[in-house]
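Okay, so chain A shows up in both of these, paired with chain B first and chain C after.
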Partner chain A sequence: MNAFFQFIARHRLFASILFLMIFPFFMPYEALAINILIFGLFAMGFNLLFGYMGLLSFGHAAFLGIGSYLTGISIVHYSLPWGTAILIGVIGAAIGGLIMGFLAIRTRGIYFSMVTLALGQIVYYIFYKAESFTGGENGLRGVKVETFSILGIPVDFLNPLTKYYIILFFVSIALWLISRILNSPLGAVMEAIRENEKRAAACGFDVTKTKLLVFVLSAAICGLAGSLRALHLSIVPIDSLHYLQSGQAVMMSILGGMGTFFGPFIGAAVMLYLEDIVTTFTKHWMAVIGLVFMLFVLFFPKGIWGTILSKLHINQDV
Partner chain B sequence: MTGLSLELLCMQLLTGIALGSIYALLALGLCLIFGMLNVVNFAHGAFFMVGAFLGVYFLGITGNFWFSLILTPLVTGGLGLITERFLVRPLYGRGLDYPLLLTFGLSYVLIEAMRVTFGIEGLPSITPEGLGGTVDVGIGTFPKYRLFLIAATAFIIFAVWLFIQKTRYGLIIKAGAADQEIVKVLGVDIAKVWLLVFGMGCAIAGLSGILASPTRSVNPEMGIPILAESFVVTVVGGMGSPAGAVVAGLLVGIVYSMTSLFFPDLAELSIFVLMAMVLLIRPQGLFGKAGAMG
Partner chain C sequence: MRNMNQTPILEARNVSKSFGKFKALNDVSTRFMPGTITAIIGPNGAGKSTFFNILSGAFPPSSGQILFNGKDITGIPQHEFARIGISKSFQITNVFKQLSVHENVRVAAQMETSRYNFLSNTKNYQKPIELADELLRRVNLERLRNKITGDLAHGQQRALEIAMALACNPSLLLLDEPTAGMSPEETMVMMDLIHTLASERTVILVEHKMKLIMGLCKRIIVLHHGEFLAEGTPEEIQNNAEVRRVYLGQG
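Right after this comes the complex of A and B.
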């Protein structure tokens, strides 16, 4: 068993993608698997900032939402091809991350959480009020992508399993990027900042620039999750910009294990699967997840995946 | 702007001050807890909401506004004591993010608890007897309740100020905020002070909830936007500065109501833009000390 985990530890990217390839067959229905895939990516993008650099942002819904809306608007209002639409969503989220990050990293600690939350609400109200573009309160409807062709081969995007694997293709690119960042010197500096910001600065690393860079990268990944979500749902709900949505990324990261590579995905899977079951027999899902989350914060701060890894004495980078 | 009279501006200013009173109270509660315990209470909006519900509920069964005005903060303060003692206290020394995360989870539970108890529709808000209607303030008529709101807030803020500046307990709180180690060495049980301060903060949140309840709809989600708005006030005023909380609260209220007069669509946005401007020009907030943000 341990040797198996050691193997995974050495090839985390390969193992993750392999796992995600067979993942939909363990789920009750494909739409849930797609949802988990997308929110897993959202939580992993968020975790890059929170788990690895120690910055608790409560504004990441802004990037999920910007990605979703820009992709949706490109398709609905400008009839752009879906690939271009995704690119626009990701770039838009990265620019949003640059602006928000520039303002937010002027603050530290818990102040940072409050500021990102409030800045995220700015984005929420902007999209809420720009009704002619975004549909306002009702959300943006009609983000229809039915069929398209890749290298001349027609692909049926309405087939849920096909949709899953197309989305997985983009998620895999993002996972490769995250894994690459964590293995790079930048990843080491991020962890140094998390452990001791002053010492990292004293070692000659540009803390401000690193923070901003990681903030933007994290925003771009969350933006990709948003773009894919718009294609998946074919609508963009306005709630995807609300700070409660940011809170969801926070909850997923904690539940799975912040500061681990695959933990946030586990957190997303557990949370959404649980929601799927719980909501069939009670309306009070918020109380359930609130209590579960509080229990984890109090007793299992390492999360599910993080606890498993530390029990098996494997480093947390898996 | 020919149709715009000075009277109208003044009335809108007064409306802004009434709104700002609520913000000031909320930020004061946040600030007390933060200054002392270094904890941002993410359930502050939820305590505000619980206060509004309890206020309306107590008013309904007793018929006495003054009674519920006293009972409500006692209950939310009690909830705050329980929260600090059993949920937040185990997290001290484990990183500043944990109490924040925990109270975020708590806010979910409180929202759902109110949904279960009072239904998802919420309660109809009641203006207390004798405070309904309008009164002539010289430049026009103004809702009597909002004047009461301003006066009540001024009274509460004065009482908190008096408590902190002029009593023995206030002295301990101030000393504890400045240097908890020394206070411990002097033989004060700082854990009790923290408990008390957290309870006080939650009591004030509940109080602002009941005071705000006649001016807005009382539903389980009412605390969600309020939390973001009270963060704006805290950032504008400067973290951990009670004076900043009060001044910024009024300022944010006035900015909101003035913007809603000229550009109704941008009212919600305006206060967040104000915050972004403050962050650009003076990141520590109007009354914050430089470097006191970490």
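Right after this comes the complex of A and C.
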């Protein structure tokens, strides 16, 4: 067992992608697997900022939403090809991250969280009011991608399993990027800043610039999750931008294990799977998830994945 | 014997600092010559820490100037200090507690090679890795290389912080009460270390314990109530009537 974990510790990217390849076969239906895949990516992008650099943003729904809406608008209003639409979504989220980060990183602690929350709400209202583009409270409908061809081979995007693997392709690219970031000099500086900002600055690292760069990277990854969500749902609901989505990213990260590579994905999987099961019995699924969340915070503060890793004495970067 | 024509490595010109209405430091001017080791002393509330923080770039003075090798560096951001060659250890230990001992020094040592690169692997940068090992040997922590820093004893963490401060190869090393909270044995080891470091670079330290610095420093600066009180050799300071009155008399 330990050898198995040692193996995934050494090859976290390979192991994660392998796991995600077989993941849909453990799920009751594919749409849930896709949803988990997308929110897992969202939580992992968020965790880059939260778990690895210690900045608790409450505005990350903005990037999920910007990615979703820009991809949706590109397809619905401008009939752009889906690949271009994804790219626009990601770049849009990165620019959003640059602006929000620029305004927010001057503040610390709770003030940082409050500023990101407020800025996230501003983004919500901008998209809410721009009804002719976004469909307002009805959401943006008609993000249709049905069939397309990859290298001349026609692909049926309506087949849920096919859809899962196409989305997994993009998620894998993002996981590769996250894994590279964590191994890089910047990754080391991020953790140094989380551990001790004063020392990091005294060591010659520009704390403000590093925070901004990581904020933008995190926003871009969350933007990709949003773009993929638009393609998956064929609609962009206004709740993509709701602050509850920001809160979900926080909960998923903590539940799975903040500051671990794959923990936030596990958190997303557990939360969404629980939601799926509990909603068949009662509509008060939030109460159940809240209870589970509280138990973990109280007794396993490192989260599900973080606790497993620390019990096995494996470093937290898996 | 100090050559007055030589450019001081660090110079404070009429430095003052106020926090609101409170004047923590009032018109302090002094020079530090390259290759020397100087101690800043004074009773509690003398403004030692404020002065240290200004000299090491934690915050700028309210008025006055700081010159490094004759160049005005007043108000440059903290991270620039390490880049121009001024490094420090804090009064309260500041290390990266959840990272390994080696990683602490390695991060500090990577400052020169790469800071914003997010696509290459740190394992490809051999220089910081080797430098970190070398510095850990210097401060006698090499056998704790892979331990989590938070698990180290207090004295070991302080030694680690000095290794981190050395990682950018500073020409000027500032130490704020380097032996604070240490056992007598740890203190001895630390004083020995500082003694060797001082043979390679300029050292300025703030110290509370008079006895420790008497044998170590050639020059002492005394602050009192935020003002410059006296400077001189340990003997001169010990025999200075005013210093005896405000400082030594208390002990």
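Here is the rule we use: the second predicted complex is superposed on the first by the 318 of 318 C-alpha atoms of A that agree within 3 Å, B and C clash if a C-alpha of one lies under 4 Å from a C-alpha of the other, contacts with A are read in each partner's own complex, and residues count from 1 in each chain.
Everything below uses one rule, namely that a residue touches a chain if its C-beta (ideal position, glycine included) is under 8 Å from a C-beta of that chain, and two chains touch if they have at least 3 such contacts.
Small disclaimer: the values here were computed from a predicted structure and weren't measured.
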Overlay done on chain A, so just call it for chain B and chain C: clash or fit. fit
So, does A:33 touch the first partner chain B, the second partner chain C, both, or neither? neither
Check whether A:224 is in contact with chain B, with chain C, with both or with neither, and answer first, second, both or neither. neither
Contact breadth on chain A, by residue count: chain C or chain B: B
First, second, both or neither for A:115, with chain B first and chain C second: first
Quick one: is A:289 in contact with chain B, with chain C, with both, or with neither? Answer first, second, both or neither. first
Minimum C-alpha separation between chain B and chain C after superposing on chain A, in Å: 10
Overlap of the chain B and chain C footprints on chain A, residue-wise? none
Taking the touch rule as given, give the residues of chain C at its contact with chain A in the complex, in rising order. 56, 58, 77-83, 87-88, 90, 94-99, 103, 106-108, 110-111, 113-123, 125, 161, 164-165, 167-168
Spell out the part of chain B that touches chain A in their complex, as residue ranges. 34, 38-40, 87, 90-91, 94, 96-98, 100-102, 104-109, 111-113, 115-116, 224-225, 227-228, 231-232, 234-235, 239, 265-266, 268-269, 272-273, 275-276, 279-280, 283, 293-294
Contacts from chain A onto chain C in the complex sit at residues 180-181, 183-189, 191-192, 195-196, 198-207, 209-210, 213, 217
Which chain A residues qualify as touching chain B in the complex? 56, 103-104, 106-111, 113-115, 117-119, 121-122, 125-126, 129, 243-244, 247, 250-251, 254, 284, 286-287, 289-291, 293-294, 297-298, 301
